[in-house]
Every structure is written in C-alpha cells, then in structure tokens.
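Next, two complexes with chain A in common: one pairs it with chain B, the other with chain C.
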Partner chain A sequence: MRGGRHILWLKVLWVGTVVTALYLPIVSVVLASLANTRYMRFPHKVWTLDAYRAAAADYTTVTLHVISLQIAVCVVLLSVTLGTIGAMAYARHDWRGRGLFQKILVLPIFFPQPVLGLALLLSMSALGIAPSWKTAVVAHAVWIVPIVTLVISIRLFGYDVAQEEAAFDLGASRWQVAREVTLPALWPGIFSGALFAFLLSWSNLPLSVYTSGADTPLPLWLFSRTATNYSPLVPAIAVIGTCVSGLIVVMLLLMRRLLAGKNQPV
Partner chain B sequence: MTHLPPALSLTGLTRRFGTKTAVDAVSIDIAEGEFFTIVGPSGSGKSTLVRLLAGLDVPTAGSLHLRGRDITDMPANRRPTAMVFQSLALFDHRTVGQNIEFAMKMKGVPPEARRARALELLRLVRLPEDYYPRPVTQCSGGERQRVALARALGSDPEILFFDEPLSAIDYRLRKTLEVELKELHQRTGKTFIYITHSLEEAMVMSDRIAIMRAGRFEQIGTPDEIYRRPHSRFVAGFMGEVNILPVSQAGGGAVFTDLGLAAPGAAGAFAVLRPEAVRPGGDAGVGFDAEVTQRLMLGSRTQFHLRAGAAALIAEVAAGPQADLQIGQVARFSFDMADIAWVDA
Partner chain C sequence: MRRNPGFWYALPMIVLMLLFFAAPLAIVVWYSLMPPRTFDLTGDIGLQNYRTAFGDGYGVPLMWSLIGAALTTLITGLLAWPTAKILHHHAGRWASIVTALIALPIFISESVRLFGLSIFLMPGGGILAGTLNALFDVQIGTFLNTRFAALVGMIYIHFPFMLFPMLLGVAMIPADRIEAARDLGAGRWAVLREVELPLAAPGLLVGGLLTFVLCLGANAEAAILGGRAVTVITAAIEQRFNYAQDWPMGAALTVLVIAVTAALVFPAVRRIDLNRIIRR
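== the complex of A and B ==
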C-alpha cells in the first residue's frame, strides 16, 4: 500500500512537471503583457493594463487579425476540399501510381518550412506574381493540404465502399449517395482536418515570412516586433490572438455538437 | 399454363475486363418467384454476373430483360431490384430503422408510413420491434444479416439478389438463416437470385441451381438433378466427397481401370458414385474386396475409406451392425451400376 502511495505521488509530480512546462511560457507571456517597460524584468514595479488599452486603440491589431483570419479561412476551405477529394481517390480506388501519389503527397511535410517558403517565393517571382496574403494562402496550402489529406484518409480506411453501392442499389441518386452516405461517414475526418488546417495556418510564421508580401499576418508581426521594437504591446496582442483562435475553435466545436445533435436518431 | 414473361431473362450476357472474360455469353430465363442459385468457385465470374444483374456493372455484350422490359442500360438505382451484399454494407452511422427505411426515404415516402413498414419488415425478418432505434453497430452478426435483408425488402423489389451473404457466418447460425431465408422466399413469393460457393447451401434453399465455371454455366438443374446426375467431374466435385472412377476400354468391353472389374453398360469415361451407394456385402451388381484404411463416425452414418487394387473409395454406411468394420479389416463391398452417373470429362 505504501508503494502504491509512492507511485501516486510520482504520478502527480510527473503530470505537474509536464503541465508546468507546457503552460509556464504562456503564463510568462501574460505576465509580460501586464508590464509598462520595454525591458523584461520580473516582478514588475507597476502592474498595468496599458498595453491592452494601446492594443485596443491601435488599428493594426484589427488588421493583423483580419489578415490572419482571411488566410486561415481560405486555407481551411482549400485544404478541406482538396483533402477530401484526394483522400477519396487514395482510399477508395486502387489505381496505378497510388503508392507514388502517397509519397509525393507527404513530401512537402518533410521540407524545412523556411526552405519551402523561399522556394515558393522564388517560383512566384519567376512567374511575376507579387506576394500578398493570397500568395500566403497558396504557400500555407502547399504545406497543409497533405496533412489534411492524411487526416481525412485515416477516416476512410475503416469505411466499406459497398455502402455507397448499396445506397445506389436502393434508389439513391449520385448526389443522394454523397449526401446520405459518403459525407456523414467522412464528416469527423473533415472536421478534424479543418481544425488542423485552421490552427496550422493561424500560427504559421516561416511560410508567411517569405510569401505574405506587404500584408502582415499576426505571427509575422509578433516576430518582427519582438526582434526589433519590443514593448508590452507585443505580448498583449499575442494574448489577444490566442484568445481569438481559442474562441474560434470553441465555436467550431459547439457548431459540431449542434449539427451532430440534429442528426442523432430520435 | 401461364404466359407470364420470365422475371429475368439473360441473353448472351458478357463482361470482359481487358482480355479476360469474366462472364461469357450467359443466357437463361429465371421464372417469376423462383429461388435460383448460382454456385461456383472463386474466380468463376459469379459475383461479376450478379453485379451485372443488379445494374452495378455494365455488360460488354448481351441483354437483360425484366418481365419482358429491356433493362440492359438501366442503372442500379432505377432498377426494381435490391441486393444483399457480401459485406452486408449496412449504413454504419445509422440506426436499424434508418437502414430499413433508406429506400423508402429516397422514394419520398412520408416518415409515418416508412416507420410502419419498417416495423412490419422487422417482424418479417424475426427481429423484435425495439431494435428499430438501435444503431446497427450494436447488432450481432445474425441480427445484421436480418437488418440487411429487411433493408433490401424495404425497397419492395421485384427481384432480390444475394451475393454470398452467409459466407462469413458460423456453421450453426448459417444453417438457421438458410432455413429462414427459404421460408421468407415462400412467404414473400418474390424472385430470389442467390450466389454462393457452397453447393450444400444451394441444395437446401433453391428451386434451381446453376453451376458456374470460367464465366459459363456448366450445368443447370434442380438440386435433385445436380445431385443425382452431374454432367461433369467439375460438378460432381462440388458435392463434397464423391467417388470418381475412371473407365477404360480393354479387350471385350469397358472396365473400371483402378478396380480392374468389368463395367458393363458404361456410358462415359468416368463413373460418379455417391459414398452411400457403396455398400458392405456382395449383394449388389459390382462386388469387390477392399481394405478399410480409415473409419470416421459421422453421427447417423459411418464413413469408410477403402483401398481396392489401385482404387481409393469412400463408402458411407447407416448406423447398425454393418458399420462395425474396423481399420485394417478386409471386407466385401458392392455397388449397383444403376447408381452411377456417367460423365465424359
């Protein structure tokens, strides 16, 4: 029994260490945002919300979020569409070059992102395309579509394609088959894929550095201001940005719960 | 004499995949209300054939008529037929009720009517009504079979197809479901077209059986005809354990090559002889001495593996004093020429 208690204490200690290691940096950012000096020193002489007032008053705050959000939304739509189609082709049909397709598909994930970003910037300038938030969407998609495709195709592996034939045999049109059988089966995969796509795009720095041009997404602004012109405004906006993305994820989860509730058998 | 057109009429139905011919010019009429079973080994083209019949695949050549109407180019969703799939292909994210009602929902039948019919079908396939709201994922193997059957019946099909639905079921449950399926066929009066690799399963249920080999029907007949008068060694081989004795011409007439006995009146190159036709004692037409090499108790019968000259034979004897032979014993056995089915190949 004494041994059991020992193990329990070790478990508590271990979990506590892990949680602290995960959350201490975030807590530090929140603490840094409550200071009024350009130099990070702790404890603060003055505790203040000035940085948040400044952030709320500054038009940049809104612009940064809008740019990041529009990139993320476009990436989600693009990667979910392409990912679903790709996953279906991959998991449902056995075609020549299927194995090769899988390898080529996951290759961009193994590329160091700064290299990928530079490569994309070079090819875009070669094509005469000026970088903007739209080119950042393309850059993010290059990296995120493979991930989303993998996430959705995992869902398709336990899936009996004969279900679609059965629905067709029972009088469903092609469109009804997709709506009644394929999409409901894929929906959890599509949802997880969308969540991944959003979060990976929202927090991406190395690809945006090269490809977003004059439009500055949130992580890029945070990076450059930390490097060159630091003030408590930086951690304050970081905290706001984290809250915004957290809120969006919570909203998506609620939406999913609601939709699932509607489809529940009575 | 009725003049109903056949429920399904196949004319030269062919399906090729590249250079391989899976279904080779199959022609047959299947009567209204018939239980027709196609038996074949894997790769014989039986699954391809049933997919052509259901409209899930398009024939390379030939035509298909349902009650006289040409349905060759009609896709599966417009054909008044339904299939029970090998994997069952139940809609996993739905309830038993939603599965059964699927075809009716596609037709736009109102919910109350759908529900009433679904409950009726649950009774028909012997599932309790309280299964209606259950997710199909919570059903056992046998229950899933019944749900799949009820779902197919839910489209009120004129013909039901079965693509080896019982192949993954254990022996005892399969026997039960075979009988239930036969009873269901009798109650509904619908045309059933059933695919299986087991002649035993086909025998129990069918009005007529077609033995399929390399894309063609090798023999079509009632279970009794197939059992008693197989047309070839291939068909005979499907019946499980059976004696096939080669016959050759020597001197004056035909002889059983391996037994070294005369075969008066031989009408083919091989004699197909059922194990129960080989009897202990010498009272039948052809008698020979044989050594018992194996003795297997089968319940109501005992099976003996025999060696006589160069021939190895199987005999099955009903329980009784005659079945007392032991391994290593030499005894007299005989069979009647009239019990032989003659085949040439």
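== the complex of A and C ==
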C-alpha cells in the first residue's frame, strides 16, 4: 500500500500549494504595510508600525470606512428585504411564471460587473442623476439581491409548509404566522444572506468604480492609490479595512448567538 | 381575477430588475445608435458606431478579453477539478477547513489581493525577489507588466468562482457509479470522460460560465498587473467614456460585450436546472 500513501501525500501537497498560493498575496500586503519607505525594498531595514499610526491619525481612513459602511448597510437592508420576499416567489410558491422568474433572477450574476457599472453610469448621466454612494448602493444591489435571494431560497426549499397551515388552523392571523412561524424558520438563511451581502458589498471594486462618483469606497481608493502615490499607508489601510469587515462579521455572529440564547423555546 | 401569491412576491424583484438592469441596458443600446460624440438621446438612429468599432481596431481589445476569459476558464478548470475531487473524496473536518480557507479570500477586496500579488512579484525589492536575494543570494527577474501577469491575476481572482460550483457538481456524482464503471473494466480516462464529467456537468457549466463572464469584464487585473502591456475591452470602453467623451462609441462597445455575454448565458441558463443544484 505504499502507492496509496504516495498519492495521499501528493494530494496534501496539491491542496497545500493551492491554499498557499491564495494566501501569499494577502500575506504580502501585511508585510508591505510594515515598511517605512515609499519605495519598497524587502526585507525591510526597519520593521515598523508607523504606517498604522499614520493611518489612524489620517482622517481619510475614517471617511473611507464610513462610505463603505454606508453602502454596505444599505445593501444589506435592501437585499435582505427584497431577497426574503423574492425567495418566497423563487422557492415557496408554485406559480405560473416561476420557471421564467428563476432564470431571469440569475442573469445579473452571470453578467460582467464593470459593464453593468458602466451601463448604470451612462443611463444615470442620461437622466441627469449625479453618481454618489447612493447610486453605488443601487449598482451593488442589482448584483447582490439575486445572490441573497438564492441563499435564502436554499433554506426555503427545506421548509415544511405544513407548519404554516397548522398555525392557521389554530387560529393565528396572517401576520402572526409570518412573524412566529415563517420568519424564524427562514432566519438562518436570512442571516447568512445578510453576511454575504455585507461582505460582497464591502469588498466590491468593479461596480463601485463607475457608480460611486466623488464618494470613494475603500476598494476604489486602494485601487487608485496602488497605481499612483504609493506609500506604506496604502497596505496599512488595506489591512485595517479587511480587519474591520472581519470584526463586524464576528460581532454579528456573536450577536446572533446571544439572541438565539435568549429566544430559546420555553 | 386573483393571482397566485407567488407573482406578488416576485413583483418587487421584477421591478428592481426592470428599472436597474433591463432599463440601463436598453438605454446603452439606444445610445449606441446615436451619432458619434453626442450626449443626448434624440439624434438620428444609425449603425455608424458599430462600423467604427469593427473598422477602427476595437476588435483587438475585445479579442484580448475573449482570449483572456477563455484561457482563465480553461486553466482554473484544470486547477479546480483535482482540488474539487480531493475535497469531495476526503470530506470531513480537514476538507471543511480547507474549503473555508479557499472561500475566505473572496471576501477580501480584489484590489487588495491584486495589489498583494503585484508586490509579491515586484522585481528587486518585491516580497519574492527580496526574500530569495536575502536568503540565497539569488537574483530573479519578473513577469510583472506583461499579458502573462494579467492572466495570472485573472486565474488567481477567479479560481474560487470555478471551484465552488465544481464542488457542487462533483457532489452530484454517486460514488457507486464510478465503482461500477471500474468493475466493468473502464480505465481512469474512460471513467472521467464517460461517468464523472457528464454527471458533474451542471456544476462545471455554472463554474465555467461564471468564470468566463466575470473575466470578460475584468479590468483590474490588466490595470494592476498587466501594466500597459494589454488593453482589455472594459479599459477601451472606459477610455471612450472618460477621455474621448464619445459616449455613443463607448455604448456601442458595451453592447458588443453584452451581446457576447447574452449569446453564452441564455442557452446555458435555459439548460441548467439551478433548483436541482441548490436544493441539495
């Protein structure tokens, strides 16, 4: 069985290489942020956190995060609301146009994002709407709402409609059924949908490039500053921005756990 | 007449898609028919921009984007297939950790990751070159600012988009089917071609389509890693809109990209039963 062992090692090596290759650039950003020279010469002569101090003192850091957060929060609210409603049509009810609806819904996902951004920019200019973070919300939503709808639909496919009928039989109103039966059952799907929406909006570059106007979200600022006017401040803000989104996700997960603990069925 | 509640639930989404997906695309199509260098939508309709698009060398950026997308789809597919097979075959704690590790970078902005790749590959004081120089006294060059670098960036960014649909596809292959084929004397190659690929086809199709379409619009890879070595179609369109101030021309090029996308996506979407894939 020596051959089998060799194959196992080869597999481990392969997967290890793939994961390493995916993370090397990310590690490189962290390493670059620890320099203090504009022109990078790795290994650094001086390893320092100066860039992080500069980033913390720079008001731009706050502005970038606020704009990204504004966009992401609006996208989450929009996509969770529309996604939950849309998922009912996608997975819960059987209706005449459903097959077509299911196919149309995925079209924005299978669409080149910068082209969508450009098309939105052009039509807004034609209508005299100035691009800003609000138009970026719309652009993100066109792409993220269908994704969130699919995420919630996965949960809804495994949902037993009989529970709702039982609640109706016991005299519950339409609103009560929605609040006490349907939404709690969908909650895990809605929550993952919200996480997806937040992370996808926070990290999106191609849609923001053309639609955010003078309001620059984080990824866009990083994109333009890597090309011109580079300094270790750029990787430092990249690291901070990524950590902030990670922290927000961890906080949401903790909040969910706390809420779940409180609402344990009596 | 009372409609089924399904329609009412679909309504908000239909409105969103009409207003912000279908309408903008229609406006772009309309713009592309306007006389060159005009800014309003009331000019005489004509196909002049399309004539210019094919006559004036815009075919080249479109060709680069198509070649880049095709190569990326092919190479990520070849890299993702063994990875998906391994992760599926050894499903368990380790495989879940590895899967999560591969998924995580999707949520880190591509501008951050491409920037990281560029400083990793940078000549002289880059992470790779600097480390090799300091540790082994080896000097290496770089392939940064070439078409190849842009391709590497596209493969790097889009690998997870190929892998995850492929994992779903691989999960659709019943293990006993492969064993049965082997018992009947099928070789490795025959099993792959006759059993595994056809059964995993929905996942492969979704992954391939997603990768190809995303690459067709990809711009950041060529901008950050490719230097000026290659102009992709999105860069050409952006240039028409911003610097040349020729919106109708930019719109005509956009319509060409949309047409290529539609020609690929419509037949595929008609064939794929997404319900079957996500229900699992």
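Heads up, the rule we're going with is that the second predicted complex is superposed on the first by the 244 of 266 C-alpha atoms of A that agree within 3 Å, B and C clash if a C-alpha of one lies under 4 Å from a C-alpha of the other, contacts with A are read in each partner's own complex, and residues count from 1 in each chain.
Keep in mind that, in the parts below, a contact is a pair of C-beta atoms (placed from the backbone, for glycine too) under 8 Å apart; a residue touches a chain by one contact, two chains touch by 3 or more.
Note that this is a predicted model, so its numbers are computed, not measured.
Trainee: Specify the outcome, clash or fit, for chain B and chain C once both structures are aligned onto chain A.
Mentor: Verdict on chain A: chain B and chain C fit.
Trainee: Just checking: does A:Val145 make contact with chain B only, chain C only, both, or neither of them? Give me first, second, both or neither.
Mentor: second
Trainee: Report the partner of chain A that touches more of its residues: chain B or chain C.
Mentor: Of chain B and chain C, more residues of chain A lie in contact with C.
Trainee: After superposition on the shared chain, which partner residues are touched by A:Val19: those of chain B (first), chain C (second), both, or neither?
Mentor: In the superposition, A:Val19 touches chain C alone.
Trainee: Of the partners chain B and chain C, which touch A:Phe111 in the superposed model: first, second, both, neither?
Mentor: second
Trainee: In the overlaid three-chain picture, which partner chain does A:Asp160 touch, first (chain B) or second (chain C), both, or neither?
Mentor: first
Trainee: Figure out whether A:Ala172 sits in contact with chain B (first) or chain C (second), or with both, or with neither.
Mentor: In the superposition, A:Ala172 touches chain B alone.
Trainee: Based on the superposed arrangement, let me know which partner A:Ala119 touches: chain B (first), chain C (second), both, or neither?
Mentor: Second partner only, chain C.
Trainee: Quick one: classify A:Ala185 as touching chain B (first), chain C (second), both or neither.
Mentor: first
Trainee: So after superposition, what is the minimum Cα distance from chain B to chain C, given in Å?
Mentor: Nearest C-alpha atoms of the two chains are 10 Å apart.
Trainee: Could you tell me which stretches of chain A are touched by chain B in one complex and by chain C in the other?
Mentor: In chain A, nothing is touched by chain B and also by chain C.
Trainee: Within the complex, which stretch of chain C touches chain A?
Mentor: Those in contact with chain A are residues 3-7, 9-10, 12-14, 16-17, 20-21, 23-25, 27-28, 31, 41, 79, 82-83, 86-87, 90, 98, 101-102, 105-120, 122, 124-127, 129-131, 134, 156, 159-160, 209-210, 213-214, 216-220, 223-224, 234, 237-238, 241, 247, 250-251, 254, 257-258, 261, 265, 268-270, 274-275, 278-279.
Trainee: Taking the touch rule as given, give the residues of chain B at its contact with chain A in the complex, in rising order.
Mentor: Answer in residue numbers: 54-56, 75-78, 81-83, 85-87, 89-95, 97-98, 102-103, 106-107, 133, 135, 151-152, 154-155.
Trainee: Once bound in the complex, which stretches of chain A touch chain B?
Mentor: The contact residues of chain A facing chain B are 160, 162-163, 165-173, 176, 180-181, 184-185, 265-266.
Trainee: Under the stated contact criterion, what part of chain A meets chain C in this complex?
Mentor: 11, 14-15, 18-19, 21-29, 31-32, 39-43, 82, 85-86, 88-90, 92-98, 101-116, 118-123, 125-126, 138-139, 141-142, 145-146, 149-150, 153-154, 157, 199-200, 202-206, 209-210, 218-220, 222-223, 226-227, 234-235, 238, 241-242, 245
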